[in-house]
Each structure stands twice: as C-alpha cells, then as structure tokens.
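Structures for review follow.
Shared between the two complexes below is chain A, which has chain B as its partner in the first and chain C in the second.
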Partner chain A sequence: MKSILIKRFLQTLVSLLLLVLFSFFLSRVLPGDPAKYILTFNNSQVVSSPEGRTKSYERQYRQMGLHLPYFYFSMESRLLPDSFVHLPDNDFKFLLCSLSYYSGNPSLSYSIAKELIAKKKTNDFFLNFQSVGISVAVDDMLANNDASGITKNLLVDLSKLKVDHNNHYWKRWIPSIQWNAKNQFHLWCFGGKSEGSGLVSKGIVQGDFGKSWTRGGDVFEMMKYPFLLTLFLSVFVLVITFPLALLMGGWLTLYQQKWYAKLQKPLLIFTYSIPTFWMGTALLLFFANPRMLDWLPTASPVLETNNGFGSWFFSLCSQCEYLIIPLFALGYSTLIYLSQLVFELLKDELQKPYVMTLRAVGSSERKIIFYYSMKNVLVPLIVSGMSVFPLLLGGSVIIDFLFTMPGMGSLMLQACDQKDFPIISGVLFVSGLVTMLSFALTDLFTYQVNPLIRYSNLKKNG
Partner chain B sequence: MLTTMKKINLVILIHLSLFLTLSCGSKKKVDVIVESGNYIELGDPSTFLDAWSKENEVVIHELNEPDNLHPCNGTSQVRSEMFLYLHGSLLRTDLRTGSVQPGICKSMPQISESQLDLIFDLREDIKWDDNTLISPDDVIFTIKAAKNPGTNNAAFKPYFDLVEKAERVPNSATKVLIRMKKVYVQNVALWADYPIIQKSFYDPKNVLDQFSFEQFNDTNFHADQFKDLNEWSTNFNSPPYGFDSKLISGLGPYRLKEWQQGQLLILEKKENHWTDKSTVYAEKAYPKKLIFKVNKDAVSTQLSFLKQEFDASTSLSSRGLIEMKSDSMFNQNYHGRFVDVYGYTFIALNTKPALSNNALALSEVEVRKALASLTPVQPMIDVVCKGVNKAVVGPVAKMKSSYNSDLPLILLDVKKANEILDAAKWNERDQDGVRMKMLDGKKVRLELELTFLSTTPEWREMALMIEASMKQAGVKLNLNMTDLQTWLDKGTSHHFDMIMGSWNSSALPEDYAQLWATSSWKENGLNFSGFGNEKTDAIIDSLAVTMDETARLGMEKRIQAAIYNEYPYVFLYGLVRRTAIHKRFSGAELYGERPGVLYNMFQLNSIGVKTSVTP
Partner chain C sequence: MGEKNYRRKWNHWSVKVIVFYVLVGLLAPVISNDLPLVRIDQGAWSFPFLNQDQEYNSPLKKNDAGFEIHAPFGYSSGKSDPFNMSFRGPLHQQFTENENGDLVDLTLAKRHLLGTNLLGSDLLADILYGTRISMFISVIATLLASVLALFLGFFAGWYGPGSLKLSAVKTVLIFLLVFYWCHLLLNIESRGDGWLGWIVSVFAFVIFMKVIGKWKMVSSSNFRIAIPIDAIFLRFSELFSAIPRVILVLAFIQLLSASIVSIILLLALSAWVDLARIVRAELQSIKSMTYMDAAVMSGIKGARLLLIQVLPNIWPTVLVYMLYTFAGNIAIEAGLSFLGFGLPATVKTLGGLIAEGKNNFDAWWMIVFPGLWLSLLIYAMFSLSDRLRQTEN
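Right after this comes the complex of A and B.
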C-alpha cells in the first residue's frame, strides 16, 4: 500500500507541475491585449490626446505585469535586443523587429525605431514597408527626407542600416536563448512584487492566486464560494445519481424482456442527446413559467458570502428549491449514462456461472440482481462515476450561465470576457487539481476494494 | 467627469444587449406617459393591483455587477452608474437636458479669463455621514488621491494629468480653485459626476498633505521611495476599499448595505440625509433600497419579469422586450419602452488599406460611395430591428443641436451603385461576376472582408443581408465573425477591409478627436478607417479649444459634412435603450443619456403607499 501511495503521489506531483504550466499558458493564449481591453471597454482611454492614451496604456500594461516575459527562458532571434520581451509597445516591438531583421544591427535599429516612434512616423513607415517591402521603404524614406521631416542623424543612421543589410542579414536566423529571472510565471507561482503596481503576491505555492486585474480583489477569496458551490452541485449530483442509477439499471435488467424496458433504450438515448443548455431552458419554461407550471423559481439562490462558510451553507440549504432545476439539468445525462452502464454490467454479470448456480438453488431474479450481482458492478461503476466528475465541473459553466448561479463557471466566463488572467489561471488550476485528486482517489479506492489489483501488486513486489 | 468620459471616449458597446439596441415592438400606449423634450416621464397607472408588491424597494436587473466600488480605481460602466446614488460630485450631468449642472456647488464654476482657473463654490447644506460639512480640503484631497502615482487608476490618470493644481481660495471657507494645464473645451465638464471623497475618512493621518501637486506632476517623482505615501497607497488600493461596505463612504443618499458578489448588490437609503431637504429632482431619494440583481440569461430574465421578480431594467435584449411586450401579463405590470440614445451602428471602411491588401479598392472614394448605396440599411432595420431603430447619416445623434440636418440619408440603390462602379472603371468581371480593376499594376478583385462581432446573432443576420446586396453589384463580401477583443485589435491595427460595430456617445458636446483625428489613426486609436486630413484635423483641434457655442456649431457641421463626403463609414442606424419599469412606481423618467433611468426617483404609486415614504 505504501509503495502504491508513494508512486501515486509522485505521479500526481508530475501531473501537478504540468497542470500549473498548462493553467498558466492556457490563460495567456487568449487572443488580445488585456491592458488595451480594460482601457477601451471600461470608461477609459479618455483623453483626446494620443500621448495621454499611450501613457495610460503603458501604466496599465506595467500595472498588470504584462511587461514581464512569460517564462524563465525565451527564444528570440539573435538580432533582437535583450530587452525586447520587456517592451510594452507592440508597435515599437514590430518596428524594431523589422528593422533589426532587415539590417542585422539591433542597436542601430533600436535608436532608429525609437526616433520613428517619437516622431510618429511609425504608421507611414509601416504602410510603406507592408506594401512595398522594407528595403524600398527605407529607400523611400531616404529619398523623401525633406517631406518626411526626419533629422539628419536619422538619415545617416538609415544609410548605415542599408549598408548593414547586405553584411548581416543572415544573422536573423541565429537564435538566442535568454534567461528571464523575473517573469510572469515566476510571479504567479512564487509571488513577488509587481513592478508597476507594487502588488504583492505570495504565489500559488502558498495558495495565493494573486489579485484580479479587473476587480482588484484576491483571486483565492473570489474563487472560494464559487468553487464550493460548483463542488457542492457536482458532488450532490453524483450522490443522487449513483443510487438512482443502480435502481434504474437493476430495474431495466430485471424487466429487460418487457416491452416497456425495450422502449427505454431509444428514449434514454434521445434524452441523453439533449444538450444541457436546451434541457435547462426547457425545464425553466415548463416549471418556472407563470404561463405553464409556476412551481419553481427562475434564477439562482442569493447566497450569503460575507459571514463565513456556515452562513453560506445555511443560505444554500434554505433556498434548496432554487437548486432543483439546475441539479436536474446538470445530472440527467450522468444518470442516464450510469444507469446504462449498470444495465450493461449487470447483463454481463448475469452470464457468469455463479448466477446459474444461484438460479439453480432457487434464488429469485430480483435477489440475484439487486443483492448478488449488484455488489460486483459497484467497483466499475464508482470508477466510471468518478470519471464523470470532471464533466460535471465543466457542465457547471452552462448551468451557471443559464441559472445565474455564482459558481466557477460564472466566474470563468466573466474572467474570459474581461481577459482577467489571474482568475482564469486560478480557475483552470483549481478545476484541474480537483480532477486530478478525484482520479487519484479513484485509483486508491480501486486498489483498496479490488482484490485482483491488490494481489497482482503484492505479487510484483515479491 | 465620468459622463464626460463617456462622451469623449465613445465607449464601445460591449454587451450583447447593448448591441441589441436593435429593436422593435408594439406601438400600444401605456397608461400615462409624458414625453417632454429629451426625456419621457412615466406616470401613474389607473389602478394599483393587489398582486403588486408594496415594498418600497426597487429590484433592478443588471447584466453585470460593478468591477468594484472603489472611488478611484474601478473602470466599469455599472460602477459609475451606482456612484450616482453613492457619491456627490462638483458638477452633475442633468439627464433631462443633457447639460452639465452644479452638483455639490452653489453654481457653475467661475472661469478665469485665461480659461485655466476654475473656482467652485461649495454648497453649505452638504454633509458627510459623520455630520461634518464638506470643505475645499475634501476636493483637493480627491484630486490629489487621483493624481498620486501610487493610486492604481491608470484609466483615470490622463484626466488628472490635465490638472495643474487645486487649492483653497483665500478668505473663503467654501471656495476651491482648480487650475488646468491647458485650455480645453472639456475643462468644466471633466468635473461632472466624478465622486468627491472625504479626506478625514480616507486619509485620517493627512499623508497626502505632505506632498504637493508639483511633485505629483513631476514625471520623475517616485512615489515608492516615500514610505508613508507607499503605505497609504497600498492601503487605499486594497480590495476592501472597493468591496467592504464599511470602507465605502460618499455624499450620496444611499450607502452600500450588502454585496453578494456575482449575485446582488443592495444600496440602502441613509437616514436624515442632506438630500431629504434638497429641491433638485436628481437628488431625491424615495426608495428605501435599491437592489441590483445580476442575470445574464435572457430566458430566465424574461420569466423573472413575468413573475414580477424585477422592478426595472435598462439592459434587456431587444427580442426579449419585443416578446414581453406582446404578453398581456407583462403589459399589465410594466411599462416597456425603447428609448433613443446617443449612439449608432456603423461599418467602418479602411480608407488607407495598405495593411490589408484586399482593400486597395477602398482607397477610392467612389468605391466607398457605392458600398454605402449597396448597404440595405432600411431593410435591415425592418427585418432585423423590427422597425424600431432609425437610420442615421453621421456620427451625431439627431437629438443634438449640432446635428447637421442638411445631409440626406443614403438609401439602398443598387442601380446607382452599379453606375458609380462603372464610372470608376470597375467594369471588368471575372467568371464569378466579381468586378475587377487594374490597381498599381495588379488586377484587383472587388472582394472584401466584413468583420463583425459574434456577440449576438443579429450582427450575422445583418452581415448576410449586406453580403446579398453587395453581390448584386459584383462586390464579393467574405464574412468574418470575431470576438470583441479580436474586433478591437483588427480595428485599431487597421487590419481589416470593412468592420461593423457600434459606438455609444452622450448628450454632451462631441469630441471628434478619438474617432476622426489622423493622430488617432496613427497611434492605433479608435480612428479605424483612417479618415482625416490636415483640414479636418485643424477643425477637430479648434473644436477642442473653442468655447463659443455658435462657432462650435458651425465647425461641427463642417466636420460632419466632411465625414459624409469622404464615406469612411457607412452609417447604419441609431441605437435604442430597452427599458422595463414596473407600474407600481411612478415618477420614473427615461432619458437618452446614460444610465437611462434614475432609480432614486421611483415613488411607490400614489394609489399604493407613496405618501408614507416621501422624504
């Protein structure tokens, strides 16, 4: 048992590491610039002067820590300066990159790019080199120096750039790996002080997921109750569906020759194929509609989150009528899946010799199914049931949206909408962690209750 | 100031509901409705039904909760709307007239000859929650807190960068002088709706007093080198100041009572508040509680309205409201109205399309003109918007005095578009019937990409109608549906051919710089299309510093005409707000200006129990 535990622990550790990397990078691959998003879509980017806007953007960019590279090492062309990954201005980066690749001279390119940006020549230059190529664009700028109003020094630099182009062009293909001691991943994992905002985080290793970019609140605190609600709903669905699935599966096996049992399969498959969103909407329109059956409430319960877990749980229980439709919408497919599984497993079980013996000694079919065979299908059922758990967590996104439940799904949707990376990373990490733990627990459970696995393991260990 | 931001900025409509300013609905009259100028007054119904609640609380449907209620650091629109109930400001936007009016000041500020000094004289009846009178020090502190480099308000900093300093006026206990750095048409309006905060509450140790405006104006000033300031900033930026009801304090008639995040937020009326004696309509506070409940799902929102679980909403989907208005149960209990707002939908055309090779054709004004004639604006309004919205000719709303009424609507006219394209030598056609022309030595097909948002199905429906219409004149349109972020990125980086979206504005004077100045295009701002030249830039620059209304009017009309003649946009239709207000309340008014409704003015219907709750 001990060796199994250690082995499982080590496996979990590796998975955890991968999960941390995955959670971080998945949140970062969302398209778009979160700083620009926050400034543009929220009452901001307010001034008419572009300088003010740029300053505001740079402040926001640094405040969010986006000026830091993603990871410990980054690979860029040798022609890009070391500070390339730290530059906040994408236009500047693009310009610098183009000029450096063109000339093979990063330091000269840097000074030229800076001057072009300062003189707001960037777009003119971009326009030209996008349509005619950088070589012609540089020629054009040299030829039209009077019109473009650039300084003499810049002209000299541009001429040098042209000379360098022929000598160092090949250097762009040589990669250089840079070490970034301070990076976004490090800050997220191990904490530290964000340069721009002075925000201090202890890192996820100490259970600190940082601060939300849009709300400023502590991500762990923001996730606490949504996580509990989602966990509660998922566990509750499993707890309810397990016995129901056993009953349904047993009943279907018992009456499998009857016409109504034969009819169940297409009916269940049809119900199973109904999307959760559709089912939830249909249930709402049927059971929470004053024009139909106005039996149940429409939206979610209002949960008390300010006075600790006790009052939260009490408020949840005291408004349990609000949970009926969401739980059904979340659990119907699990119930159908598990009951079909029980049915199939029992059918196999009934072919086994011990069943024939039991029949021969006069045991009733009901007793065979519900007493003797049912025990044997429990283990595979629990293993399969636990694999449904991550699906339930995922399904909660739809349920949260449809019923305005303040769960992890709502939090995730909102965070994705607002490009709030700390929350997205946190939710992904926690969901992954719970899934991993559920698999680990299932393995341990299987090991504990299945003598075949235990025996084979003992044999292996000599 | 918050309202000014709305105006200057032309904030993009983010939420799907906001796009669904498309709309329609029945033309049935509700009980008593007075439409007076810029707003609609909803009167008493003839009865007060037994089924109606007599609770003096307004339950308001919201699509989103505020990002926080921090007086400086938040950015969301909902937050600034809630600040109308929680805070007081030097000036306020008068929603009835769409003008700036005194808030906690006795009158509009005295402006010096240089136009840089503004002297605000504070009212003497205004008290903080601890019963102390508001003083110029509070105003100075508010500005210092916002200018402090350690305060996490990057979005607001550019505003306060315009402020040179603020100081008490000698020998006056109520006057405060604010000096601006440069003359700017918005120097006064900047102070509308920006919350003034109490110095003794937020800075009891007077830390900010140790620092001068000169220091905060200095770009080389490093706030983190000063321990006291650093500590104060860290504390002030901390989440409790944005979420904890005990740490949120303002001059408004309501206080934050409860906030269950992601679910509901309750504002409770303060007892014996100075606004009780106020005669200003916007300062009245009748309901005991304002309960903001979040619900994003259209179906459950609709059912909640049928069950009367909500009293009001300004963020319903258009289709939702259309459906509800056809339901007698809804009509019995609610006023459902579509209200014209200061915003419009558009298709921006990339007039400087070097970054998008497909769109070389769009650099020709004739092609843009033809595309405008090929856009089925009215059919889109009739089919997709169910006839509620109105076609527009330019960026300025018809309700504004600066609207240029000389510009005629561009109607769908395929024949005319064909003629324009033929005249522009787009005569040749390929095997698919798509027009072609030699441009810069290359044969270019008139094939364009139309980018639009995936937020609601209506955008797609309209895009399909446009595609079908364009095809009739040999213009091939490829549809590209994107998320909001990609939409913005494409627009600001000019990587598009045609991009469809909507802008929102406000009743205050337009600032054309963001959408129409060439600098905004060069700096990857919101000038997506590349419109502008030295002449239009000069007009825009003059508008920013011209205070004289008549002179402004002429310039505004000229810039509208320039936009009209250059066809950088195909203007589609004006936006509408979808509102539902329960009939158990009277006194509700619907405004074109955001937030559209002031919930503090809701009075329980006179046939109900209104008399017992009047302040």
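Right after this comes the complex of A and C.
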C-alpha cells in the first residue's frame, strides 16, 4: 500500500511538472510584449520624451527578467551568444542575431549593429536586410559603395564580416549548451529577484501568476472568486448527480424488461447528444423569456467579492434562483452519462453468481439492485465519474458565456478577447491543476476502498 | 455468421442519417443555390453556380429557346435578401418585388422555409453550408487524431513498462540526435538555410548506427537501458486529459489565428488521449494471446505485426471511440463558433448561427433549427456507436 501511494505521488508530481512546463511554454510563446503592457499601467513611469520612454522601457524589461534565458540550460548555435537572444529592442535584436549568425564574429557584429540601428530610418542596408535577408543584403552593400547612410568604416567592417562568414559559416550547425542559474522559468516558477531591487514575482508556487496585461491587476486576485464559483458549480453538479445517477441507473435496471424501457435509452442518448450551449440557449429561450415562460431570471448573480469568502458565499446562496438554469445546463449530460454508466455496471453485476444465490434465497430484485449490487458498483462509478470533471470545467466556459456568470469562463473569454495571456495561462494552469489533484484523490480513494490494494503489502510479506 | 452479423451491424438508421449528412455536406452548393446549376442558352452550356462571386443578372427571356436547371432551394448562404431582412420567421409573411415594383407575398416555392437572419440570408442555406464546414473540419480532425492516437497507443502498449531496451551506446546516440534536432529547431528563426543540418544529421545518424551495429561489443552488450515509454505516455495523456479541451483550444487559438487549418490541428492535437489510452489497453490485453505468439514466432515484425494482427482485432473498439471523438469534435467546433472564437463571422457555421439567435430571442428559428440539426447528427453518432458496441458483444 505504502509503495503504491509513493508511486502515485511521484506520478502526480511528474504530471504537475509537465503542466507547469506546458503553461510556461504557453506564457512565453505568446505574441506581444509584457513589459510594454505593464508600463502602461505604471503611472509613475510616464515619461514624455522618446528617449526617456525607451530607457524606462528597458529598465522595466530588465526588471521583469525578460532579458534572461528561458530555461535552466539553453541551446543556441555556436555563432550566437546567449546574451544576444533576449535583448529588449526587437529590431536591434533581430539585426544583431542575424549579423552574428552570419559571420560568427559577435563583437564586430555588435559594433556594426549599434551603428546601423542608430540611423535605421535612413540607411538602405537595414531596409534591404529586412526584405531580402542578411547575406544578400551584405553582398548588395559591398557591390555598390555609394548607398545612403553607410560610412567608409562600416563598409570595411562589412567586408571583414564577409570574410568571417566564408571562413566560419559551418559553425552555425554546432550547438553550444549553457547552464543558466538565473532564468525566466525559475523566476516564473519559484519567484525571486531579477536585476535591480524589485521582486519579479513570488512564483506560481506561491500562487503568483503575474500581472494582467490589460487591467494591471494581480492575476491571482482576479482569478480567486471566479475560480471559486466555477469550482463550486462543478462540485455541486457532481454532488447532486452522483446519488441521482445511482437512483436512475437502478430504476433503469429494475424496469429494463418493461415496454417503456425501450424508449428510455434513445431518449437519454438524444438528450445526452444535445450540446451544452444549445441546451442552455434553448432553456433561456423557453423558461427565461417574457414571450414564452417568464419563470426564471436571465440576469447573472451579482456577487460580493470585497468582504471575504463568507459574504461571497452568502451572496451566492441568497441569489440561488439565478443558478437553476446554469446548473441544469451544466449537469444534465453528466447525469445521463453517469446513469448510463450505472446501468451498464449493474447489468454486468447482475450476471454474477452471487446474485443468483440471492435470488434463490428470495431477496427481492429491488433489494438486490439497490442494496447488494449497488455497493459493488460504487467504486468503478467514482473512478470513471471523475473523468467528467474536466468536462464540467470546460462546460463552465460556455455556461459562463451564456448566462454571463462571473466565473472562470468569463474571465478566460475576456482575456481571450483582449489577448491577456497571463490570465489565459493562469486559467489553463489552475484548471489542469484542480483536475490532476482530483484524479490523484480518486486514485487514493480507490486504493483505500479496494482491499486487494489495501492489503497488498501484507500479502507480499505473509 | 460473420458476414451476416457484419451486415446486420451496419443495418441501422443512424448509418443512413450520417450518410445523409455527408451527402448534404458534399452537395450543399448544388442543393441550395440562388444561381442556376446548368444553363443552356442557344446551345451553349454554362454552369453559373460554380463561380459564386460573379454578378448574375441576365435572366433568360421568356420566349428564348434555352433553359435553366435550378437548385431545389433557391438561396445561397450569406447572400442577403433585401425584402426579408431583420429576422423574418418561417411563419411570417415574406415579401418580394414584382415587375411593377410593388411588394407581394413570396410564392411557396421561393419562401425562406426556415426563416432569415438579421441581414436576410436564408437560414436553410446557412445550415446546409454550415454542415459542410463543420463536417469537413471534424472529419479531418478525427482522422488525424485517430492516426496519432493509434501510433501513440501502439507505441506505448507494445513496449509497455520497460520492455524497450536499447544498448547504452545507441541510447546515447539517439539522445544526441534528438538534442541536435532541438538545437536546429530552436534556431530556426535566425537561420535561413538550415535544412542542410537536418539532412546531414539524419544521414550521419543512420550510417553511424549501422556501423556501430556491426561492432559486436555494442550489439551484444549486456548493458542495456530500459526506456519507460509507457510511463511517459501515461504522464502526457494525464496532462492532456486534465486540461479541459475547450480551455486548451481557446488558449491556443489565440496564438495561431483562427482558420480552418488551425482549428483542425488544435482539435486533432487535443483529441487523441481517450482513443490512445483505449488502444494501449486493448493492445496490452491482446499481447498475451496465443495468436500473437504464433505471429511473432512466424517472423512478423514491427508495423506489419501491428497493422495485420493487432489492428483488425481492436478495430471495433477503435471505431466506437472514433465516433465519440467525431461527436466531440463537432460539438467543440460548434462551441468555439458559438463563443465567437471559431472561424471568422463571414463563414457560416452551425455554432455561429445559434450565437446569432442568442442575441434575439424573438427569432426562435435561429436557435431551434440549427440546434436540432446539430443534435440529430451527434445523436446518430452516439446511436451508431452504441449499436456497434452491442453487436460487438
């Protein structure tokens, strides 16, 4: 038992590590510049002159640790020093990397790039290089000497680069591996300081997902209550549907010989095949529409988020009539799936010999199904039932959109609208985390319930 | 018995429904089009419906010898009908203009049978064209996902925990190659001419492996490393099953812009988990069968073994799960369009139509008809998979 528990724990750890890497990857491949977004919310650093703006931007860039390499080890081409890859100025970075990669002479490339970028609006080389690529641009430049914005010294340097290129170009295929003690992943994951004084982040280990790009707030703070609402709804649905599914599955098994039992299955499958978003829309259309049945409110609940968890929960409970349609739209497919599962499991269970004994003894069919067989069905039901948890979390995106609930789905959709990537990767991470933990808990539960596993240690010893 | 059973298995209403949907998807422009399909004018044949963009306003004269063949439903998707704009329902009065410029009722043959939307485009035509797009995306995505899932499931199931053992030298070599490819991949942006590196590395790898394989010290070495393919597969599948698919696709659609190709790729890359797990489990149970031993002993190896011996035996299960995957893909694609993150709004999709209806509850037809149409397709999928499962037992 103990060894199995340790094994499961290690497996969960590995999965979590994968999840962390996955969300880190998502948060870094994003298009857009975090430093720029954050600067727009830092009112104290508003500087009017363009030079000052560039300076404060570069300070911010370094403060956020964006100049650091991504991971603990980095693999670049031998001709490309690692410090070139994460420079703040995009044009300069691209030019410098291309020159260095072209020639294999970092120091000379750096001086040339500095000179070129200082007057990038007026020199032909820069424009030419952006359209045709570096090697053609260098050849062109050396071919006609009187291009604008190019000095004699620069031409000499460029011809030196060309010589270097001819001698060293093959080195570009050789990788060089570097160990980086300080890197973006470490900062993102465990927190710490970048250059300068400010703390970059506390790390996602302490629940710091960074700052929102479009609203400036702390992502964790913004995610807290929406996430609680989504989790509450999902768990609520699970808690309600499990007993209901047992009941329904029991009934289905009990009355499977009756004539109307033939109708049940197609009806249930049809209801199951209705997509969540259409079910929600149709429910709104029929039950929350002044022109049809005006029974339930269409507006979303207004939740108290300023005075702590208690008042939030109270405000949610006091507006529970807003949750009826969303809960139904979220839960009906789960209910049907689970009841079908119970039905299948019970059908298999009734083939077993002990049921025949019970029948011979004279137990009623009702008691066999609801008392004796149901106990054996519980464990496989919970194991497969937990697989609907990610479906519920995903379904809550659509539910939130449809009923304008202030849940995680709304947050996600707003973030997607505004390309607010810290929120997106935060939501992805948290939903994955919760589901993984629920999987692990389910496994623990089955180990505890299953005597074969619980006493596996004893068996081995004895 | 087998032949008869096979026929009976497919003799089900859901098969007909799915075939009907496929035909509708394929033939949507022929079924519903405002341009004539064929036009014979003074012996010259033309097919005006093939170029939709062209303005077509030269109706045949009444006494002309030529004739036209029209589609059964006379409206194209997305083209607005100026006389029936702003949500004209199937039961409402629908108008057209006669020769004198007066508004008159539409004849039954030209009515918008399922109503129109805000811009006056015909809902029936939109549904038919939407089916075309949805089916195309989901079919391709499901096929891609199935191929991926079969590959990964076979790989994980066949080697299992720790039975892929490589000699240490080869392991190191493979590791180096993968490492080098990562290096090439990472530097792909700044390097314009890197294909040489790929080719040279592959050739060098293959030749080196051959040479080393000849060397007895390596090939008969006792020092072998067991690679935990199974564990790696399980961890990755746990990762992909833990993140809700809607959230995963929503997040990555922000990186790639939403197009048919990117949606197909994202659906395929997020849908392989369930099927691959099933394939792995089935393969593990099949591996201990006697006919597998016989096949292995008769010298069948590798991909041939899996495709000829294993795949036919797990095919029924795979088919059932492919149907589930298909239904899931259709639902997620429609959900994406419903949320407004799917294909651009100019392309009509089933989810997009329902989203249009959601903004105006007076237009109940915009919600009811596309939804029923979509649900019927998914229902047919589930019924068929249920049928297949039952006849399997």
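A few notes on this one:
Rule of thumb we're sticking to: the second predicted complex is superposed on the first by the 362 of 462 C-alpha atoms of A that agree within 3 Å, B and C clash if a C-alpha of one lies under 4 Å from a C-alpha of the other, contacts with A are read in each partner's own complex, and residues count from 1 in each chain.
Please note the rule applied: a contact is a pair of C-beta atoms (placed from the backbone, for glycine too) under 8 Å apart; a residue touches a chain by one contact, two chains touch by 3 or more.
Please read all numbers here as calculations on a predicted model, not as lab measurements.
Of the two partner chains placed by superposition, A:M248 touches none, neither chain B nor chain C. Of the two partner chains placed by the overlay, chain B and chain C both lie in contact with A:L284. By the document's definition of touching, of the two partners only chain C reaches A:P390; chain B does not.
In the superposition on chain A, contact is made by A:P406 with chain B only, not with chain C. Judged by the touch definition given at the top, the superposed model places A:F270 against chain C, while chain B stays out of reach.
With both structures placed on the common chain, the touch criterion links A:K419 to chain B and to chain C. Of the two partner chains, chain C is the only one touched by A:S77; chain B is not. Judged by the touch definition given at the top, the superposed model places A:P31 against both chain B and chain C. Common to the chain B and chain C contact sets on chain A are residues 30-31, 281, 284-285, 289, 291, 401-402, 419.
Across the interface of their complex, chain C is touched by residues 11, 14-15, 18-19, 22, 26, 29-31, 75-77, 80, 97-98, 101, 133-135, 172-173, 175, 265-266, 269-270, 272-278, 281-282, 284-285, 289, 291, 387, 390-391, 393-395, 397-398, 401-402, 412-413, 416, 419, 421, 424-425, 427-428, 431-432, 435-436, 439 of chain A. Listing the residues of chain A that touch chain B in their complex gives 30-33, 36-50, 52-56, 59-60, 63, 91, 120, 122-124, 126-128, 130-131, 197-198, 211, 214-218, 221-222, 226, 281, 284-285, 288-291, 294, 298-300, 302-306, 401-404, 406, 410-411, 414, 419. For chain C in complex with chain A, the residues that touch the partner chain are 179-180, 182-184, 186-187, 190-192, 194, 196-197, 200, 231, 234-236, 238-239, 241-248, 250-255, 327, 331, 334-335, 338-339, 341, 351, 354, 357-358, 361-362, 364, 367-368, 371, 374-375, 378-379, 381-383, 386. Listing the residues of chain B that touch chain A in their complex gives 2, 4-6, 8-9, 11-12, 14, 64, 67-68, 70, 73-77, 80, 150, 152, 154-159, 161-162, 224, 230, 233-234, 237-239, 242-243, 258-264, 293-297, 299-300, 303-304, 306-307, 309, 329, 352, 354-355, 357, 483-486, 488-489, 492, 511, 513-514, 517, 519-526, 544.
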